[in-house]
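Below you'll find the structure I mean.
As written, the chain order gives the labels A, B, C and D, with residue 1 at the start of each chain.
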Amino acid sequence: MSLLKYTIRRFLALIPILFGVLLITFVMTRALPGSPVLSAAGELRGESQAQYIAKLEERYGFNQPVLVQFVKYLRNLFSGDWGESLSVHRGATVAYLIGKAFPRTFEITILSMTLATVVGVNVGIISAVNRNKLKDTVIRFIALSGVAIPIFWLGLLLQYIFAFNFGWLPAGRYFSASLEDLEIITGLRLLDSLLLGKLDYFWDTILHLIMPVFCLAFVFIAGITRQTRSSMLEVLELDYVRTARAKGCKERDVIRKHAFRNALIPTITVVGLSFAGLLGGAVLTETTFTLHGMGWLVVAAINGVDYDIINASVFIMTIIFVTANLVIDLMYGIVDPRIRY
Amino acid sequence: MSHSQAVENGEDIRLEEEAYEGALLTVNHLAVDYPIYGGIFMRRIATVQAVRDISFKVFPNETLGIVGESGCGKTTIAKTILNLVESSKGEIYYKDVRIDNLLKKNKYVRQKVQMVFQDPDASLNPRKKIVDIIGEPLRNLRGMRDNTLIRRRVLNLMLQVSLKAEHLDRFPHEFSGGQKQRIVIARALACDPDVICLDEPTSALDVSVQAQILNLLQDLQRKFHLAFIFITHDLSVIHHIGHRIGVMYLGLFVETGTIDDIFYNTQHPYTRALLSARPAVSEAEKQKKIILEGEIPSPSNPPTGCSFHPRCQEKMLPECNKESPHEIIISETHHVWCWKYN
Amino acid sequence: MSKIEIKQKYYRPEGFENQFNEILTTYNKFLVVPGKKDEELEKRDFLYNRLKSKRKFYTKLNNPLTKVGIVVVLLVATWAFFAPWLSPYAFRLVAVKDPNSADYLPPSALHLFGTTKFGRDVLGRLVWGARASLSIGLVAIVISSVFGVIVGIISAYYGGILDSIIMRLVDIIMAFPGLVMIIIIVSIYGSNMSYIMLIYGILGIVGYARLIRGTALQEKSRTYVEAAKVSGSRDWRIMFTHILPNCITPVIVAVTFDIGGIILSLAGLSFLGFGDPRLVEWGTDINIAQRQIEYAPWAAFWPGFAILLAVLGFMLLGDGLRDALDPRLQEKN
Amino acid sequence: MKNVKDMSKTFNNLDISGASQKMTKNDVKPLLIVKDLHTYFFTQEGIVKAVDGVSFTINHDEILGLVGETGCGKSVTALSLLKLIRSPGEIVSGEIFFDGIDIVEKTNEEMLKLRGNIMTMMFQDPMNSLNPVLKVGDQVSEVYLLHQMEFLKDELQKAKEKNSKLKENLKRMKKELKTCSPEGAETLKNQINAIKQQIKFRITINDIARREAAALLDRIGLPNAETIVNRYPHELSGGMRQRIMISMGLACNAKLLICDEPTTALDVTIQAQILDMIRELKRKLKNSVLFITHSLGVIYELCDRVAVMYSGNIVEYGTVQNIFKNPQHPYTQGLMTSIPRVTRESRAQELTIIPGMVPNLIFPPSGCRFHPRCDHAMVICKKIRPELHEMPNKVQVACHLFNKDKSGEEYRKLTEEEKQEDVL
């Protein structure tokens, strides 16, 4: 089957998944205790509050059956209207809020995943080649600690050491309060500041990003290292590696040319899924460093029972996840010619 | 030894049955297709015709050899007889009972038709003890529940295939290839079968072990009047153990006959090539090599006409690549499918 | 050949009867009775075992990292089990409010690791906290592995429409962002300990179902399954006595890893403030102490360290188990 | 045949011509001498004595067969020759001289230059032995890149010169085009287009290597070699893959080709093709082959001499004709009689078998390793390991049966119980 047909088939298979996710999220949000309009009622008390709430519920259609609301929501969703925030940032549209939060998440994700992939793959290979030696044991131990460490705790430790104790780095947020007024071009602060040529903004953002990026990268380096190591070990035992040695290949070439590409396949999965997971928002890291990205947004929305934000962001996270899966499968085909669609 | 005593010792309990003279197993025009799925909606886009049209009979005390190269459908025949694969056409009879879609339900037929698989390593569950492996058919098909009785019967079977008593409680990985194959044979014998399909039982074994197994099989056949369907690609083995042979190519017989017919009165060009390609071990057996060009075509897209014609070195007739050849009867036992003899 | 001749040959193969009786009268009478053993046989077995080295599995586990893992897991389990004896303060004092002490005291002889909010002893909470983490982790893992294995094997064995439906459901649940989903559910049902156990357990089923389905599909195509069919085994028997034991190894490894994973995820949940507030739990401690990190770092440091230790223990153990159980690595050497 | 000519031509510049071959012919020294090789594997269960005192030689222009059952140490012997034994395995003692080079003393760096160049090895399973993610052409050309760099550089230089000449031509023609008449312009344009197609934008050494690889595959008789170099291994059939493995061995025209069961995974007809090909190539190239197999038939058809291995030792060693006509060692005799023969007379006879099974290599039987399965086992067999003795028909046999003086308690026949004493 051709690549195109395969992709189409996979996209068709996505429809029921996305629909299912939307439906489940929608029903679950409606089951959340409390009402988004409660906070909107603000200072009002007693009779007037009840009246006001009823009025709002009437306006947003919350008094209708869930399924009717769902159909209405679906219609709006596909016509581009993602709804508006009721409690997190009252009055703002969901599209605006996500448009503001997503680039931030994206920026951190790109930085930390690049770092994690480069370091993880290389360290994994080193570990596999020196199997069961001291180097390998140390790497394995560090990698396992990376998987086992609570990321928020690591963040707090770093904050305590570098921000409070030494005062070298800012403790949280994206930028210093004085440098907030950056024009938005792409939404990625690092890129924007470079495009505008404002190096002080650029440097400021970098300082703010060092700790969260390191935190995330540390955790993902661990995963990638472990996967690379184990698949590399497996590949190094295979017959064609022996053939390569019999040909007279140097050990370095055996690893780089013959073993590495074959060992890459399981690593792609780990990298891809971590990437997708991060794009959906690193809830814990963003909370620790008070970075207002996707993860922070969705938690705030759940706390504030903000229906539309929850729905939209879960929907986006799901789309990212399934697309990443699809891309991973397509990547397999590029790396491994045996896979044909 | 009385009946009850026999049962106690876990001996064969089939005392009152008559010896059967007719064909134990009859296969008529068997065809097996494997579907290939594809396209956007994963619909059936093609079929692999593993077996296209095969008919044969097996009698007691007899070994029928099915010979062919990999991918010609020989294993599929055995699996279809055992109902591990569904047939798309044709009938299979055990004695006069039609069994091609019955086997799953009928315990009796399962007892009577058994199978030995190619790779003894893979056909033993690595997590089970030998006593449980050989006792499995006894539990399932004979309904035996008493552990002591089962162990006794299993011990009996193991002695039949020259395994020792202390092997009862060991796991398969503790045995050598030959011993594993003996275990598999003992399992097949557990319920006194009439017919055993042997799917390349010796191809995974060394020469000296192969000889042990072949002798064992011959002994067992003599002892229990078994009928064997012996599937192999090794002509010397089938020459030694077989009585009748069918040579297969791409899901069809190209030549059937007795050992004498096939080996010393070869008719079909493919059989001739197969015979000559077999490496000889003495001057007496050495033949002029016929080196066939190319490889076996894919069974999902067999050549038109005689499926052997693209590699045939004797093709002479225009029909060869147009129509598949008819069955030509050379003698009562010797049949060949080739346009040369039309 | 007359029928009588055939019968004679058939039922009394030459030499066999004698051979059989002889063996029966010597030591084999013990063999046919399950569980009994003969002295001479045992001698032979001993010689035999000298060859195959039964200790293989244990020697595989004999790796420094794995040993550390085992020790840590035992340590945490001891804390959890003997918490009332090991904790310097009673549950009431560390769970609610210690009237004799002040908030955020630095480490001292009285409070080895200092105190946290409401004057509660950090060390005491550390010891008691192991209970919550371990019990939630264990219960959840039992739920998810048992049901996951059943669902996965059925799905793999029967295939077809049933498999498609199950796998689509799995896809949907897998596609959800995990932590967000748990937070939403916790918000709906309230953060009760038993609910949290159930949520983790049920969501985990999906992963195990997929894991075991993968290996079961491979095992299903192995010859011994066909051999079992030929031996007349029914479907359920093939699934649970033939296929299951052969694909349980990755589940054992995954269980070890996942206990660690659940403890970690639970800590994250409590850190975000969605944990059970009545529970003494490490994540909650960090949540409480994070605002005081600048002034009382010990209050956040120790619970985090405990999480790291417990999770790392399970991960090290899982890693060691995987090396020891992985057949691909085992066949080499 | 055109192919033959081509081959000898190209191999001339690879320094293996008929002339140099003749010179070595006069030299009676064998190509490979293996003396008392011991290769052990130090595993957790114990020391696996996979190869325990193996000696043999391979002459120039000869095929030596190494035959034995599974686990008798054939493959380990072959891997030892290339020093490809990996941890926990180790060559414990012994000497390997290849063309005067002491292999055992060589460091790994030095071995890199020998492997794939003057001695090469092909493995049993061609599916797993070829890298699935690299194109066939890349895998074959890698051998050139590793060992024939000088040759490739020369070729590259030539190709570049040709390219620049073509470019000059093109420039000249373009100039002419401006001045010439309309009729002539038409033909000139065609010529220019033709040249344009020949000019390569950039020629790298990889291109040259790939071109050589395609040429090699073509010589070996693979149809459509040009397209096959751009295929992946999984797209080829088993026979083709095995041919590609052979071609990798021939790329540098190695003096010694070690074939580790190359036909075991193949069908009989394909096996016949491959054997035919090895025979042909050997005839043309006059290199030596160490052919490892468990099939006596293949040995008989292909080899000049044969060494029969049993449990890490060579038990019989001599020319194929002599050994197959008159096997001396009880094990070889047993092997010979356990093969079913295809003759009318042999059908009626039952196969004589070797009882028992191959011993465990961690605790091998004392003395002669075959004694527990041997019909002629004597007391001495249990105590002393027999050395290879030259027999009257030039066959070397390791067996106490052929000792001159066979009197005394030492030569009493063993009973069954005594034989099985230390066997588990």
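Here is the rule we go by: a contact is a pair of C-beta atoms (placed from the backbone, for glycine too) under 8 Å apart; a residue touches a chain by one contact, two chains touch by 3 or more.
This one's a predicted model, so the numbers in the text were calculated from it and none came from an experiment.
Q: Report which interface contains more C-beta contacts, comparing B-D against A-D.
A: More C-beta contacts join the chains of B-D.
Q: Taking each chain's centre as the mean of its C-alpha atoms, which one lies nearest the mean of all protein C-alpha atoms here?
A: Answer by centroid distance: C.
Q: For chain C and chain D, what's the span in angstrom between their mean Cα positions?
A: Distance between chain centres, rounded to whole Å: 49 Å.
Q: Just give me the whole-number Å value for how far the CA centre of chain B lies from that of chain D.
A: 35
Q: When the centre of a chain is set as the mean of its C-alpha atoms, what distance in Å lies between chain A and chain D?
A: 53
Q: Measuring from the mean C-alpha position of chain A to the mean C-alpha position of chain B, what distance in angstrom results?
A: 57
Q: Which parts of chain C, given as residue numbers and ranges, touch two or more other chains?
A: Chain C, residues with two or more chain partners: 44, 48, 52.
Q: Multi-chain contacts only, two chains or more: what residues does chain A have there?
A: Correct list: empty.
Q: Which residues of chain D touch chain A in their complex?
A: Spelled out, the residues of chain D in touch with chain A are 82, 84, 111-117, 120-121, 123, 125, 128-134, 142-143, 146-147, 232, 234, 245, 248.
Q: Within the complex, which stretch of chain D touches chain B?
A: It is residues 69-70, 237-240, 267-273, 275-276, 294-298, 300-301, 324, 334-344, 346-347, 350-355, 357-358 of chain D that touch chain B.
Q: Show me the residue ranges of chain A that touch chain D in the complex, using the header's touch definition.
A: 238-240, 242-250, 257-258, 261-262, 335-338
Q: Which bits of chain B are touching chain C when the two form their complex?
A: Those in contact with chain C are residues 6, 9, 11-12, 15, 18-19, 79, 82, 84, 107, 110-111, 114-115, 117-119, 122-128, 136-137, 140-141, 147-148, 151-152, 155-156, 159-160, 165-166, 168, 174, 184, 187, 190, 222-225.
Q: Going by the contact rule set out above, which residues of chain A touch chain C in the complex?
A: My answer: residues 16-18, 20-21, 24-25, 28-29, 31-33, 137, 140-141, 144-145, 147-154, 156-157, 159-160, 164, 233-234, 237, 277, 280-281, 283-284, 287-288, 298-299, 302, 310, 313-314, 317-318, 321-322.
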